[in-house]
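Take a look at these structures.
Both complexes below contain chain A, partnered by chain B and then by chain C.
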Partner chain A sequence: MRVYVCVKHVPDTAANIKVVGGSGFDESVKFIVNPYDEYAIGEASQLVKKEGGEVVIVTLGKASAMTTVRAALAIGGDRGILIKTDKQFVESDETALILKKAIEDDGGADMIFAGKQAADSEGMQTCYRLAANLGMPVATEVVGFSYAGGKVVVEREIGGGEREVIEMTAPCVVGATKGLNEVRYPKLPDIMKAKKKPVNEIDAGSLKVDAAGLVELVALEQVPERSNAKMLEGSVTEAVDTLVKLLRDEAKVLE
Partner chain B sequence: MEIYTIVKALLMACLLSAGFRYFYIRVRKLVNIMQSVRGERKILPDRIGERVRVLVSDILGQSNVRRKKWPGIAHTFIFFGFLAVQPHSLELMVQGIFPHFSVAHMFPGFFTLYLTAADVLAFFVLMGLGYGLYRRLVVKPDYLTNGNDAKFIILFTSVIIITFHFYNAFHMVMPSDGFDYGACFSFSAILSSMFGLSDLSLSAKTFGLELSYWIHMLTIVGFMIYIPGSKHLHLLAGIPNVFYKPLDVEKPMIKTDIEDEDAETFGLSKVSEFDWKHVLDLYSCTECGRCEERCPANFTGKPLSPKEMIHEAKVELFEHAETLMAEDGDLETIPLLVGEEGARISKEALWSCTSCRGCEDICPVNIQHLDIILEARKFQVLMEADFPAELQDTFTNLENQSNPWGFSADTRANWCKDLDVPLMRDNPDADILYFVGCAGSYDDRGIKTSRAIVSILKKAGVNFAILGDEERCNGDMARRCGNEYLAQMMIQENVEVLNQYKPKKILTGCPHCFNTIKNEYPQFGADYEVVHHTDFILELLNQGRLKTSGKDFGKITFHDSCYLGRWNNIYDSPREVLSKVNYATKVVEMEKHGDNGMCCGAGGGRMFMEETIGKRINNERALEAMDTGADIVSAACPFCITMLSDGIKDSGRESKMEVRDLAEIVDEATL
Partner chain C sequence: MARIGVLIETNENSVKPANFGVLTAARGAGNEICAFVLEGDATAFQDDLKTYGVSKVIAVGSNDGDFSKKPDLQAASLVAAMKNFEITALLALSSSRGKDLLARMAAATNSGLGLDCIGVDLEAGTCVKTYFAGKTEATLKLSGDLFLCAIRPNAIEETEAPCDIAAEAFTADAADDGKLVIKEVKTSDSGKVDLSEANVIVTGGRPIGSKDNFSILEECANAMGGAVGASRVAVDSGFASHAMQVGQTGKIVSPKLYIGCGLSGSVQHFAGMKTSKVIVAINNDKDAPIFTKCDYGIVGDLFEVVPALTAALKK
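What follows is the complex of A and B.
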């Protein structure tokens, strides 16, 4: 079977993001495989190991995302497709259309895995939109996966420590999250082999998808640095007075 | 009598030719094994003159053995006495076949001197063996392998020496052959008179002489054949192993060619991958257990014993010797050396090592345990991706942000935001490039030390600069955890930056940075003068660039960091610094200090692994520090500082002892 894993090239969550020019950021920071996508790669590899076939890594990103494609191939995967764009944040509507086109052009999927969300934009849209475009069933927040004879059974977290079990027919889209499997640290031979695996580079423009342009990135804002706690001195009345004053004048949450 | 002489000659000829032939076969096999292992290392060593001097001091001088006093003295006695009787035994062998051969008659003066000395020295062997027996039967230290092998060896040696004395004792009462044997003997003469040998009939004397002769000869030949298969093989292998020992204390780890596309495997996985020197190491071990006694992991109840590791590897090597030596031997049948149940060395043992190097340092025959341990870790990480789970985040953090905790790499210089510390990119001609290190940059405790170092540099008017966000982790932690790939990535990045600035001198605030940059970066093309802050501060004090205030800190004890001491031989300068700034009170020493210092438990990447087996090494070390009654325990390593601070807290003992980096003390003690 042919299994596609959609992988995003994202800045490391530990990196300090500096907003540059309104809606961009300093991209000299370290970029990594989107952490949730690592679980997707792991699950796809296991499935192909069992059922036979190939794992194809699909990435939509800047040319520099090649490092992420290679890193993903070291974790698991037989070949890659890098769809090049000049934007870090492509709206999920357009992303899903591009991924659909690329996957169909490549031969079509027997299964699609992805991380449940990207660690940078946190949109949580792509899995659903991709499945809708392809007319496939979809489940995200998946922590358990099994496949037998075209039937997929997933366990997904629904909050409060509860899980639900869903049965779907393949092909379908599975959005992986932490807990689905243990992310394996790549072995050196895998890293070396990954450097030589074929990666098909295509321009996003050449796929000619027609996105509706539903989402527009207007501005990025720096997360304010957490300030130190302030101890209010004096009697209760004094402390409350000071608090109200602070909330009004400094925090500006009171009118 | 004529017939006996002929029969004796024939028997001796048979005994010696068979004995030596068998001995040769056994030794030849050992050499074959050395040649059959697949690892490669060049055979011709460098600096031969120095190596010969090492042989003189370490083997003839027995200096290394005597680092443990009483067993060392006993060994020295046995060594010289056993050596002394050998020419005599050789003469007896020749005499057995050619009865008229006699060195005594050829060189009477020389022989008198020789035999006089040998008779005394031989008796010393018995004293040494007596001490050995006392240790094995009464003291029985845990670290000493106390098997039958050792007892056989003592028995063999005792019989050889006792029959030497008896032969002499009978020889001196035999009718004179023109050489005065009696004049040579002291202890044998006492033996002779004790048993009243001169009163025996000639035939009884002859019988006694011949009986001593035969027992002596048979034991010697038997022992000779026994040696290659026993731990006493150290007698043959120890000497070349000492000859090949690393001449410098500083020893870089082996650089693995990770780009080698033809390499089938990386690191060390099984005995077939050893090189000849590894095998010589195994042959040299005599199971004295000094390494085990020193090992901080063993001492705190972890399943690592350097001695057992060497022994197990040796057993495995012999078990698969035929496969190795056969031309079509299937190496696949040789199991992994480290692994799950059934493997000779457990993973827990492998990962317990702190790379403190206590074992290598104390080994009397210079076995290089870490050459095996660190290479075996490389295999586990690079080929199996099998390592303590908690290291995965550490590796990922190092890879992504170049520090083990995963703080953002661009905030590396935030610790000195308010200190006006110049960056190399703004001050490329600085006299000193201060390489701060991860702990010095990100760890709250480490930052205090870095700030003290900066303060000292400013007081002394040093023109210095740091790399700031251009600095990466030095690579020590990843390298010693077996992640050579990750280590080389970081090393390469640092090397490029360093080569761009070509610093006049690099100052480090951490022994791990110091060791790697000084001793291992040259492998990667960055060879600069590197100084650790203890030495640099001492230099500043000696040059009068720092004025001391005379502050009395009370009693200070100094904890030797392994990567400062045993890996780089820096023991004196920290003590000198402390005595210069705290001159009112002498530095007090812990029982284990200097080259016998005990690890804090953080080395070899252990800082970032859980310590779940046995007692905690840092707690034990903290107790030892507290036992000195010192007010301050000082160290010159951020990891030691953290480990000791935690150890004092966890020890459960009420203590006001402070843990302070040497730089912090100096900063406070100078104007």
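What follows is the complex of A and C.
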């Protein structure tokens, strides 16, 4: 099987984000593999271990995203494709068209995994658009996966402690999230090996996709943290009595 | 004034209260609201919906048969309904199902889509959502045939606007390729309040120490009709199920009141609850980072403070 994993190069979730120029941010922070994509890589590797074939990491990002391609290959993957662009935020419809073209040019997919969302732009829709472009079924927020005889069964958490069990025909697109598997942190030999794995670099422009640009980022603003918390002093009983009173009378969030 | 569609999430024969904020957002400065339901008889929902300014409720079905197990057919039927009722903007609740259906519609029609939004401006064709896990907010301009936007539960405060309502059924001419079916819905923690729709959440972190100790949080939450959440460390240590995890890799919640008990205040946890209206922190370390980003704080041992709080609430 040829299994693709779409991986995004994103700022570390703990990084301080400084907005610059109205819709950009100071990119001199640490970048990592999009956390949700780690579950996707893990699942793809397990599938290929069982069924045979190869795992191909596909990343659309700046040239600096090579570090993420290598990091993803260290977690699990046989080779990579880095599609270079000069933007951090590519609109989801354009991303999906680019990924489709790159995957088809590379030979086509027997399965596609990705994270359920990017940790930076939180779009949550690239999986759906990619699947529609390829005529494949799709499920995201997936926490359970199995494959047998051309059929995929996934589970997704739908809130209230409920899980949907979905059956899809393969090939399909699976959007992974925490719970799908335990992330395997690469060891030094994995990292060394990943450096030697082949990565095909292509320019996004050379794929000549024609996207409408349906989701345009027009402004980005910093959200200030709350400050000046009211600290409730005194004995435990005094503190909780004051708290209940304030929640009722001042904040008006309790009856 | 425009005609705006709202996809309503129902629970048997009632409307989930989390929809009312979405209806308020859709109404804006006086838009005409058409509500769409995917199960049951439209008349069953009339009373709940007319209070929030819905002038028509439409039960959507498909001539390809029962679509309750076929999300792609539901999405295709909704697309047909939008065309039939001349609606170009559809809002929904950003629940697992709401997000999934809107995303399927957007992909099928090449439309602009905003999910997990905390604001919407229907006239400008924009929506607001968090980027970078709540550290920033982004304004997105959507284009394409449909304007599709799912609103984070509780993000928009509901206001009533009673009006007259009509109900009708619509059978869409839509087909399914049969590539995807929902086989079953498993319930693991049945009867629990859906975390993302709860008005009050009491969350436990690492120091909770065991599954059993969560009962003190449950008693406290019950006293307020709320739900119980957990930090990732509490989940990964086996004290709570993943469905209870709040944060970047868990649920995104926005309750009126969030009480964090034994949470350090990590960015990844805040990613999931930062837009709560009021945040209370209970932590035994006066220098814990959470005290720099909450509204009310109590320094103390959660095993003393939480039961005392439960008692105070019951007074």
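Here is the rule we use: the second predicted complex is superposed on the first by the 229 of 255 C-alpha atoms of A that agree within 3 Å, B and C clash if a C-alpha of one lies under 4 Å from a C-alpha of the other, contacts with A are read in each partner's own complex, and residues count from 1 in each chain.
FYI, contacts are C-beta pairs under 8 Å (C-beta built on N, C-alpha and C of every residue); 3 or more make two chains touch, one makes a residue touch a chain.
Every value quoted in this text rests on a predicted model; they were computed, and no experiment measured them.
Steric overlap between chain B and chain C is absent once the structures are superposed on chain A; the two fit side by side. Touch criterion not met for A:D86: it reaches neither chain B nor chain C. Applying the stated contact rule after C-alpha superposition, one finds that A:Y36 touches chain C and leaves chain B untouched. When the two complexes are overlaid on their common chain A, residue A:Y185 makes contact with chain B while staying clear of chain C. In the superposition on chain A, no contact is made by A:D105 with either chain B or chain C. Legend: residue contacts after superposition of the two complexes on their common chain; A:V215 is shown touching chain C, with no touch to chain B. Legend: residue contacts after superposition of the two complexes on their common chain; A:A14 is shown touching both chain B and chain C. In the superposition on chain A, A:D203 contacts neither chain B nor chain C.
Contact with chain C, but none with chain B, is seen for A:V236 once the two complexes are overlaid on the shared chain.
Between chain B and chain C, C touches the greater number of residues of chain A. After the two structures are overlaid on chain A, the closest C-alpha atoms of chain B and chain C sit 5 Å apart. According to the touch criterion, the shared surface of chain A, contacted by chain B in one complex and chain C in the other, consists of residues 14, 16. On chain B, the positions that touch chain A within their shared complex are 258, 261, 266, 381-385, 387, 392, 395, 397, 400-401, 406-411, 485. Chain contact summary for the complex, chain C toward chain A: residues 72, 95-97, 99-100, 103-104, 106-108, 110-116, 126, 129-144, 177, 179-190, 192-197, 200, 224, 241-243, 245, 248-251, 256-257, 266-268, 271, 274, 277-281, 291-300, 304-305, 308-309, 311-313, 315. Residues 11, 13-14, 16-17, 19, 23, 25, 35-36, 92-93, 96, 119-125, 127-129, 131-132, 136-141, 143, 153, 155-169, 172, 177-179, 212-223, 225-227, 229-232, 236-237, 239-241, 243-244, 246-247, 251, 253-254 of chain A touch chain C in their complex. Contact residues on chain A toward chain B in their complex (touch as defined above): 12, 14-16, 29-30, 32, 183-189, 191-192.
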